[in-house]
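Listed next: structures, encoded as structure tokens.
Shared between the two complexes below is chain A, which has chain B as its partner in the first and chain C in the second.
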Partner chain A sequence: MSKNILNAPEGMKSYLPKEALKFYEIRDRISRVFQNWGYEPVITPVLEYYESLLTGMEQNTQKEFYKLIDYDGNILSLRPEMTAPIARTVVNRREELSLPLRLSYFAPVFRYDNPQEGKNREIFQMGLEFIGGNSFGDAEAIITAIEAIKSTGIEKFKLDLNHIGFLEGIVEELPLKGLQEKKLKEYLGRKDFVGLRNYLDNIGLKQKEIIAQLPLLRGGIDILNKADDLASTEASRKAVEKLKDIYEYLESYKVEDYVNFDFSLIRGLNYYTGMIFEGFTENLGYTICGGGRYDNLIEQYGGQKTPAVGFALGIQRIALALDYKGTSSIDGVVLLTEKTSSQALKLARRLHRKDYNIIIEENNRSRDELIKLAHQKNAAKIISIRETKSQKEAAEIEVLDTNSETAEKVVLKEGWEKKVWGK
Partner chain B sequence: MSKNILNAPEGMKSYLPKEALKFYEIRDRISRVFQNWGYEPVITPVLEYYESLLTGMEQNTQKEFYKLIDYDGNILSLRPEMTAPIARTVVNRREELSLPLRLSYFAPVFRYDNPQEGKNREIFQMGLEFIGGNSFGDAEAIITAIEAIKSTGIEKFKLDLNHIGFLEGIVEELPLKGLQEKKLKEYLGRKDFVGLRNYLDNIGLKQKEIIAQLPLLRGGIDILNKADDLASTEASRKAVEKLKDIYEYLESYKVEDYVNFDFSLIRGLNYYTGMIFEGFTENLGYTICGGGRYDNLIEQYGGQKTPAVGFALGIQRIALALDYKGTSSIDGVVLLTEKTSSQALKLARRLHRKDYNIIIEENNRSRDELIKLAHQKNAAKIISIRETKSQKEAAEIEVLDTNSETAEKVVLKEGWEKKVWGK
Partner chain C sequence: MGKIKTALPKGRMMEPVLDILKKGGLIEPDFGVDVSSRELVFEDEKSGNTFLLAKPKDVPAYVEHGAADIGITGKDVIREHGKELYELLDLKIGSCRLVLAVPESSGITELKEIPEHCRIATSYPRITRQFFENRGIQVEIIKLYGSVELAPLVELSDFIVDITSTGTTLKENNLIPIAEIMSSSARLVVNSVSYRTRYERITDLINQIDNIGEED
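The block that comes next holds the complex of A and B.
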């Protein structure tokens, strides 16, 4: 049999219940935080017109797109991220919406990357977009990202903050050509600081020291003063000022310990216009979230210029950083025999109605096999109906405890379930 | 601006919060039922190898596939349904799994259909697969489908049941060529009974009466006796017998009122081997779920022959049949001013910690605009901090009720939130 019949495509996989339950537990915890902050879910299609994605994302991530041509000749693409599709939706449906909009999502996105450990081509992202908001928005995005990560149980993590105006303020003074500026950002983006210095030497840039300093501008709040000293343009100074304002908000909400500043931070997407950030776990050291301000994106889709900020969390990477296992909770197994099936089903129905999780199995296994099955499903009790002449509801059952492996008779009178399960 | 920049691809759309919240409410209610029956979630990739999907689904739905060629030259396809990918996964990961498996999913699937009202090309399906189960499995699938639909609030619906062995038993006696059999099933599948009769006349089939009778074999339990009379082969009789057994289980679980039998029912997928069913709402009259037994599918992926049964529900269609609106519940808006921002954020933090849903807004709107904003978000209260000389935590706030439009002072002492929100 061809390998392609049994496997998922390269960089993708199925998630069995233990993993899926963990993802959904993370989803539910983060959803709670998003709800607490007033965010409401939005769903956009997995497929978008390629042209539409490019409008928002520009060219720099083109090679990562999964593209297809539909039967009408349109080029479609699986969305590689959610911000551009949400911006498109907000402009397209503006008559049904009113600002400010607080939108959240849980969605798979698709990137044709080289698969590495912890790097998937189908990425489950959870995030939010705050569109048409106020100047507190930057802090709101950072705080909700921190609260979302904390809610999952991850404690050791940091967010690196930057403001793209700082580097842009430096660059506007330098005699750089377009391509040189792009190259420079690429070195920074890869955090290849040796390569950066060599490149600066190569192009013979006199003012290279200021750029070579960027990787050193990394740390706590004190770094902002150093950055201020280095800032030689209005744009750079304004960027530092903005970061100071944000930091004050973070202090008030008591999350300042989770952030650092990093003036060499560059994000891979072109639509950012202000504050940007990335979060990573301290143990694993890879990025678990990223985001920033994108004040021009709504306009790029033909809407009015609208301030906006957002971020996305990578659910698979968060799951990797967490120990807890997804387990389902089965309360019991009800056994069917030919003679007692009607009574057993009525009993199962009553238990389902009371929100007990009950599996129904035919009684065609040995006692040992049954106990093994129950253990696999974390089921504490196995219930058999004691045969009686009456075909009506059962009056008495046998309850086998799957841990002690002892059985007891239980008379089905008011409140028997609580006696059996202690709940 | 090109139309393709603002719109979703044909047959697809974004769902704004009201619709998305409704979908998630339906998802959560149905999840509860699936959990009650011991089902655990599985996630499979949106993209599959085309060859893999064909292995499970055979050729009859090929034209509905969205296909793409990846950069390595593999043909991939967006999954058009979940049963084949789950069967693939179960065989591929068999060493991590043990039977019986009760798996559930909530997932988008993609079909290149002609979009009609209520017919989407991106379909949100929720369903389950019971793999390696017992002979009660048919009834379990039908009952969980009924319980799932009921949990959403839909009361007026019916499931049509059939067993493909009945028609196969009839057909095995007839002198039909392969293509004729296929044509015949197509007429039945479309419920084009006039066309069916003309076709039977056309091919000059002597025994056509028995097939022309199929559309009349529709109704309650009594129809099974009529079907038994018509059944001229062992296979047909066994099919009727099996449906009788299933019906008895449904009676025991008290859901028999939700089912009819329909011996002309045909499902569009080739992998079914036994009982099949479709559910529809009585008002809207379109299919909201479908499923059946597929005992050969695991084997087609190279696994051991394993009994299996499952079904899928269409979430968009269920949502169409339901009146309730998705609304989020914001408890209040906390206003920031420059002077009180620190105190306001500390207050918001305390409220978030107590699981209140609180939006933070800058106080740069008129009172009327603020009330309008609060109404849009269903927020009952707007909270301002009363300025004091101290920059520490606030001692007193002003609470504006957005319905009565009256404001009151509230002193921040133990339990003040309960006084404000009554919870």
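The block that comes next holds the complex of A and C.
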């Protein structure tokens, strides 16, 4: 037997109910926050044309694409993130849509990451895109991200904020040639401060002090004033100004304690044009969310220039940071026997209609086995029909409490369910 | 707050690294790690900081996944693993070079004389592949876990790519370095999230270590 018959592809896995239920719980909590803020769900194809996904993306991320070729010779790709497919959709279907758009998603994305241990190649993302919004959009994205993370139960977390205009403004003034600007940004983005120092020495840049200062520009609101002092161009000053405005909104919404500023923060995707942010939580070695402003992307898809901002949360990583257990909530097990099957099914139907979670099982197990099964599903009661003479509906049932392991007879009259389950 | 987990490289770098961390204030001066013991995790009771003893090549994995907040290992190892780590400081110890070395008998003295499709033994396959790909030379790489200089002696490979600090081992095996691929020294690497959640403690440490360097 080929070994691949049983294996999931590298970096992918099946999630059993315990994990899947946890994901669903996280999804439901975050969905509620997105709904509270007026975001509506959107669904896009898992596969897109490769050239479409490349729009607005940097060359060096291309290796991360899963690619396949269809029978017409088109190159298709599994989406590596959701912002590009949503931007494409918005331009493609603009006649059916009106701005501003508040769109949210829960979707798997796929990245052919270098085979590093413990990295998922199928990533469940939840996120939102605020397209055609106002100047409050940056703050709205940050606040909803904070509220979404809070809703999952993670308490100790922070977002790091930056505005890419600050670095652009600094770089603008430097006598950099060719690829030097890109190199500098790479070192900063990877926080390779050793490499950065060596590189600055190598290219003999006189103004290296200002770049060398960047990694130190991290902290709370005070750091904005320091950044302001360093800002020597209009672009840098505007960036700091914008971050101050955002901070004021965060203060008004009382979430300012969740943010720091980090002027050497750079995000991997290069369609960002303004504010960017990343979120992380203590004791988890990975970031849990990231996003920012991308005002040129819609235009790159052939639409009108439209301001836009968004972010995504990694559901698997959030799940890693939380220790609540996903549990199914089964209320009871209804037992079928040959003679009582019709009555049992009618009873089950009635309970299902009243929104009780009921499993139907054949009564071919011992009492102990039944109780064990019920415990596995957290079912509090096991119900069997008491055989009576030729009655269509059960008049009397036996209810076995799986915790006390005692049974009692219950007569089926109005309101009996409340008596049995206390709800 | 402020307790730090550090992955230390077992082996020759350990002693000088401990000295630096003591000067940097991460370890109390009288704290000793019994390198010969089988313990792999130590706690400095005064500071509450913990230390894991890992193979230098495994340090990037511990740090990348946050099992350790910071780690110390060679630049060569970091490059080979290609992990997402923040490389904050050059400790300027454990210096060595990664070189392409050829048997003396081959008569080769320059990189451009290396023939296509030759076999190269190395424990740095990733860096080696990148090095030759960038020069458009196609080579066959054989990954070994140690004693790489043995490979040309028994004709497992034509050449080797390996680290050398003094050059003695190469010389003893009649190997001549003809090209330097990279120079390396010990680096302090930090987990991307720990860098943020323990920012003050970590920047303090870095500044203190950095100042030692300048005083010397």
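In this section, the second predicted complex is superposed on the first by the 414 of 423 C-alpha atoms of A that agree within 3 Å, B and C clash if a C-alpha of one lies under 4 Å from a C-alpha of the other, contacts with A are read in each partner's own complex, and residues count from 1 in each chain.
What we mean here is this: a residue touches a chain if its C-beta (ideal position, glycine included) is under 8 Å from a C-beta of that chain, and two chains touch if they have at least 3 such contacts.
The model shown is predicted, which means the values in this text are computed figures rather than measured ones.
Asker: Tell me which touches more residues of chain A here: chain C or chain B.
Answerer: Counting contacted residues of chain A, the larger count belongs to B.
Asker: With the two structures laid over each other on chain A, which partner does A:Lys191 touch: chain B (first), chain C (second), both, or neither?
Answerer: Only chain C; A:Lys191 stays clear of chain B.
Asker: Check whether A:Tyr286 is in contact with chain B, with chain C, with both or with neither, and answer first, second, both or neither.
Answerer: second
Asker: Examine A:Pro9 and indicate which partner it touches, taking first as chain B and second as chain C; both and neither are also allowed.
Answerer: A:Pro9 contacts chain B only, not chain C.
Asker: Residues of chain B touching chain A in their complex?
Answerer: Residues 1-2, 4-10, 12-17, 19-21, 23-24, 32, 35-38, 40-49, 51-52, 55, 66-68, 70-72, 74, 76, 78, 85-86, 88-89, 91-93, 96-98, 100, 102-103, 108, 110, 112, 122, 134-136, 140, 147, 248-249, 251-254, 301-302, 328, 330, 336, 341-343, 345-346, 348-349, 352, 355-362, 364, 373, 376-377 of chain B touch chain A in their complex.
Asker: Show me the residue ranges of chain C that touch chain A in the complex, using the header's touch definition.
Answerer: Residues 61, 64-67, 75, 82-84, 86-90, 187, 190-197, 199, 203 of chain C touch chain A in their complex.
Asker: Would you tell me which residues of chain A are touching chain C in their complex?
Answerer: Interface residues on the chain A side: 114, 116-118, 158, 160, 190-195, 197, 216, 218-219, 260, 262, 280-287.
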